[in-house]
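Take a look at these structures.
Shared between the two complexes below is chain A, which has chain B as its partner in the first and chain C in the second.
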Partner chain A sequence: MLEQERNIAAWFYLAPALILLAIFIFYPIFNSFVLVALEDYNYLQQTYDGFTLTGNFRNVLNDPNFGQAMLNTMLITFVSVPVSVIIALLISVWLNAIPIQKIQGFFQTVFFLPYVTNAIAIGMAFAFMFNRRYGLINWFLGLFGIDPINWINMGASYENAMITLLIYITWLTLAFKIIVFLSGLQGIDKQYYEAARVDSASRARILRRITVPLLSPMIMYITVTSFIGAFKTYTEVIGMFGERLGPPGDPNSMTTIVALVYDALDRSGVPGAMSEAAAAALILFAITLVFTFVNMQVSKKRVHYG
Partner chain B sequence: MQNVENVEELYEDEQKIRFKRRMRLALVYAVVIFFAIFIIIPFYWMVITAFKTETQVFMSPPMLWVNPGEWQWVNFSLALERAPFIRYLANTVLVAILSTAGTIITTILSGFAFARLNFKGRDVLFMILIATMMIPGEIFVVTNFLTITSFGWIEDQTFVEAVLAMTVPFMTSVFFLFFLRQAFKQIPDELYYAAKVDGKTDWQYLWGIMVPVALPTITTITILNAMNTWNAYVWPRLISQREEFQLVSNGLRDAFDDTAGRIMYHEQMAASIIVTVPLIIAFLILKKYIMRGVSRSGIKG
Partner chain C sequence: MKKLGILLLSLTFVLSLSACALFTGEEAEDIDVNIPDEFPEEDISLTMWHAFGEDNQALLDQMFDEFTDEYPNVEIEQLSQGGYDGLRESTVQGIVSGTMPDIVMGYPDHFVEYLNGNALVPLDEYADHDDFGTDLDDFIPGFLEENQQYADGNMYSLPLFKSTEMVVYNKTVMDYFFEDDDNIEFSLDQPLTWDDIEYMEEQIEWDDEAMDELVENRDAFPDEAGIADHDEPFLINIDSAANFFINSTYQWDGEYTDQDGNILVDNENNRDMLHYFDGLFDDEVVAMPIEWDENYGSTPFSQGLTLMSQGSTAGARHNIPSHEDGAFGTFDMGVVPAIQKHASEDEGTMSAQQQGPNIAIMSETTDEERLAAWKLIEFMTNTENTAFFSMETGYMPVRTSAFQTDEYQDYLALAEEDIDDLEGDERDDYPFALANAAAQAQEDYYRFDPAFVGRITSSSARQQSENLFESIYAGTRDVDEAIAYMLDQLGAN
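Our next item is the complex of A and B:
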């Protein structure tokens, strides 16, 4: 077959995917930069008042919720990611130590369940679990003589609401990490462990010197994807607190950066709202880029590929 | 004498080691069970609340158990009356089928091109596609909303337009394209050359040999994609202009917002079960494929 024909044939196979990607992925990337450059853009009338370099970014920064959104997103990221990575790693190691396949398989299923649940549905269940008067958590704490805590109801403190949200997010994100770690653990050559046993190395030492280094590419991968996922937290907040994004009487106290994008989109008819949404999305993108870059740099030094 | 003592000592050591090993295993089980309970409790609380009467729900201290004979199955029909959940479920299934079918077809075709065909710029194009996976979806959402509007799918929205708006932007996926290309690449070249000798065209080879061989991967993609639709919240909320065009997640959230007054938790949890159970059943049946997909996605990193 002529090379020319081969090329044409290939583009025929690629066309459906590429057309969709061009419209819904590539064009939006380009258009985001156009949107943030327009002043008071009104998409319904297709009008704008000129161009601006930083105006739309300033609008995002001046949003009354911006500081709160930034603080919350960072808190969620830097608490829930390390905590869930460590817990997931330990659970996988212990799960892998169970000698009976059937029992291991059963627990694997249990730990995987949160992955296949709807974040809204289970968020509601968490909210009721943490209910001040009728919830399970305060009943349990009561067994130890602890007075009922107002986690997420009317008048709840910021700290309590945030702790509840963090517990829920950790719970929800464990499953994915456990499955990835477990498949990694099962791929480690048993020889390493036998050698360690001959040298009668302690369990902690084996974990630190064999398991973690051999699993490091996966730990790296999970950390990067979890950081990106945590920066994008939004549905979890809706599941637990509803569109109010906070306990009753304290709206937006649990807002996130992604919430800024959707808040702006909800005002889509107002001039400049679309540009503000685009600016917020670009800020989110910039943050993920910086952190992915930092993660990559760290991994160059720490990750053991072999 | 000396010898006998040694043997006894050895025997005692052996016993100690065995005891230690057993203790360690007991500890492993204890910790794993502890965390398993942590995972299970929200599900348990959801189920037990869904079976309570209103009085039982608002009791302090809470009731931890309800006898099966007293289970309030009526809560499920109450939940279904509160909002048109059947309609939402039907919408969700329809959207899931359409967007998954679209995704499967576009990724099979393009996956084949990337895995098997030589064309100019293939590697560059592939790298560009992979790079887009880094970009948060919110970047796309803003402009896609404008695009959908310019297609006329928002104003005076009909059901067909709502479904188009919810499916067309999601009829392909770079991640699944990457995933499928990997599966296609593992199919030995010999099969291709043999098919060529037999006079088969590329098209026949793709559908006759590659697709059947890669079926497990295609199954995985189907499930993961359907799951994404099931859990979609933001996009359907943004574009559906009428309440009855929404998907399950939106319906669930809106039906039980506390701005309407005291939440009927038993109904809320019953509705949550209706939304959650289909996914869990699908998972238990198709566990192998889902796990494979997820762990594979981890290895690629």
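Our next item is the complex of A and C:
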């Protein structure tokens, strides 16, 4: 009887979260599965011409920008995630080693600022910094005698535009990682480091043999969530390149899978467009699921849970 | 854990069932028009969605106040949805969720989408009504045709505020080079041709004498400022690459699209046209705003980075030279109609793109609300109000009769004056008068591109037109590649 009452109470406490999840997560996912099965679904009239199993997926796969979107999304994911995780780890270790609390707090605030700043605003600031004519980056390179580089403006090469985008995404995503790693580092027992020092271990060896293994659950968590976040890249591209999704004169060259979803949503008044958006979202969902599964499998072998 | 799983499954099952229930598979019913015999006496509240900024909203409020003086039982609320993309998106969501406005502004591209949801009321019966009708013959024919182009032959909107393209030019510089040259005439009535542009490019020479005479701030001169990759000002900037492409296809007797949604751009005339402009791009005669990382050419024009700029007549106020530290200081500005391939229609096709929003009544309204809405849009487009809005904004009147009023004629006459002789309101109105005079001069050859919605939409065709010309300008693609890319993006190859 008591257990039953406790169960009811537990469900009661869980209800707000469950209701929100049901409305904002489960319903849209199931709605996507329904939408993707409808042929020529007219969003405005809520009507359709029939059912299709693969038709909407084929439309997405045949989209002229699908290949470019896949390439860009993969590049962003497999470059920005490892690079940002490594840089965030090194910065965290450095921050953690600062002996004076006030200075440490100052730098923590500095590194955390991007996390609480709008990505579009930061993107615009980066676009300004990388401007070929008056940008800070070219000015700085000029100090070393390097000619101005066209990073993102009219006529910029794909490579330059992508490098700029990767730098921006890496920088933008550092903040959250640093905070998580710092909290992990502060939980590591100082005795391990003292013992290592007694054994005259080098800093690099301490990092490899003590810090990284003991921080591995955090690294794994950050890696998995970062992969998921990187697969969903879109706001960053808009922030830097605007709705052209590429340098002027080269639209869509920086497009991503999520951009395909938004592109279809933008045509929501056109029959079939909402189903294409759902299909693109489900393709992204499947890709993310596979990579998360792989990540989790790897984590079982590599992560030390204390 | 098991129970939680069951609960989640149940929840999602119920929700997905409710999702399925939304998809009725039934076609929406056609709109019945029942016009009441008399104007309703009960209180009526109308909501209008548009894409205007604060200045134009204040002008609308002025009109609404006058309307509600006449019909005190009608209350009007206006709501800006940001830009036109935001307006279209909000309206689509409004149609789906049943929260659409009573009146909506927009372009035919938008309206064909709304018609997919049977969300617009046909206006023909209102216009023809004995008591509440209006004289459609008074509307400028090209503007009206744009609103009568829909597949079922109905008129779903009225032209509200219209504009076309014009060229603003640096009068100080052009007078210096061409005042005594009989080959070039800057006239509000007669457009310049692309041959004229080539001739001007040949004649302009930035020797020491010209520099001393014209350039007030040498540091701002493109060569020295290093702002453009160019050693002297461009001759002309083109604001809208999409309008430029579409207009040029007509002027070169190429084709663009048709009402059935066919993309017709792949032909020899269009290739000739694109090669011609590619040459002018290479020779650094013609620029686009992306040259300066801008969306419009008004700032580069004001700074002296281009001597002319082709853009919307509704944007007149943005082109007023105001950069004192620009290369030419605050120079005099002139206006001429948009550049043509042919000087007259006897020589070949002339074309000017007509733009500006139309206005429609949405279907989720009662008969009484529809009649009140019709009377409101008729009021907004009557002779006095269309002239009033034009004189305040640079948009054009939509009725022929508006051009003929004494007040409007006096206003247009400002364009013939020298700005130095004008003061106060007249001086403020001067740029709008110039823009309207240039717009009126092109009335005989206004064109609109067909609106259609299907796998390919007219708005996506327009977007790809912009991409095509900008990619040629940026050197990202050559002419053949750009056409192939456009067809590929639209799925039309």
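Here is the rule we go by: the second predicted complex is superposed on the first by the 282 of 306 C-alpha atoms of A that agree within 3 Å, B and C clash if a C-alpha of one lies under 4 Å from a C-alpha of the other, contacts with A are read in each partner's own complex, and residues count from 1 in each chain.
By definition in this document, a residue touches a chain if its C-beta (ideal position, glycine included) is under 8 Å from a C-beta of that chain, and two chains touch if they have at least 3 such contacts.
None of these values were measured; they are calculated from a predicted model.
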Joint occupancy of chain A by chain B and chain C, clash or fit: clash
Touching partner for A:Ile100 - first (chain B), second (chain C), both, neither: neither
First (chain B), second (chain C), both or neither touched by A:Met129: first
In the superposition, chain B vs chain C on chain A residues touched: B
Which superposed partner A:Pro114 touches (first chain B, second chain C, both, neither): first
Partner chain(s) touched by A:Tyr43 [first = chain B, second = chain C, both, neither]: both
First, second, both or neither for A:Val198, with chain B first and chain C second: neither
Which of chain B and chain C A:Leu53 touches, first, second, both or neither: neither
Which of chain B and chain C A:Tyr27 touches, first, second, both or neither: both
Segment of chain C intruding into chain B (one of 147-155, 255-263, 291-299 or 453-461): 291-299
Footprint overlap on chain A, where chain B in one structure and chain C in the other make contact: 7, 11, 18, 26-27, 29, 31, 43, 131, 133, 248, 268
Chain A contact footprint on chain C (complex, rising order): 3, 7-8, 11-12, 15-16, 19-20, 22-28, 85, 88-89, 92, 95-96, 113-114, 116-119, 226-227, 290-291, 293, 453-455, 457, 460, 467, 470-471, 473-476, 488-489, 491
Residues of chain A touching chain B in the complex: 6-7, 9-11, 13-18, 20-21, 23-29, 31-32, 35, 43, 87, 90-91, 94-95, 97-99, 107-122, 124-126, 128-129, 131, 133-136, 139, 142, 171, 174, 176, 179-180, 182-184, 203, 217-218, 220-222, 224-225, 228, 231-232, 234-235, 238-239, 242-244, 248, 258, 261-262, 265, 268, 274, 277-278, 280-282, 284-285, 288-289, 292
Sites on chain A touched by chain C in the complex: 7, 11, 18, 22, 26-27, 29-31, 33-34, 38, 41-48, 64-65, 131, 133, 153-155, 247-252, 266-272
For the chain B and chain A complex, residues of the former touching the latter: 24-25, 28-29, 31-32, 35-36, 38-43, 45-46, 49, 57-62, 64, 105-107, 109-110, 112-113, 117-120, 122, 129, 132, 134-147, 149, 168-169, 171-172, 174, 177, 202, 227, 230-231, 233-234, 238, 248-249, 252-253, 256-259, 265, 268-269, 271-273, 275-276, 279-280, 282-284, 287, 290-291, 294-295, 297-299, 301
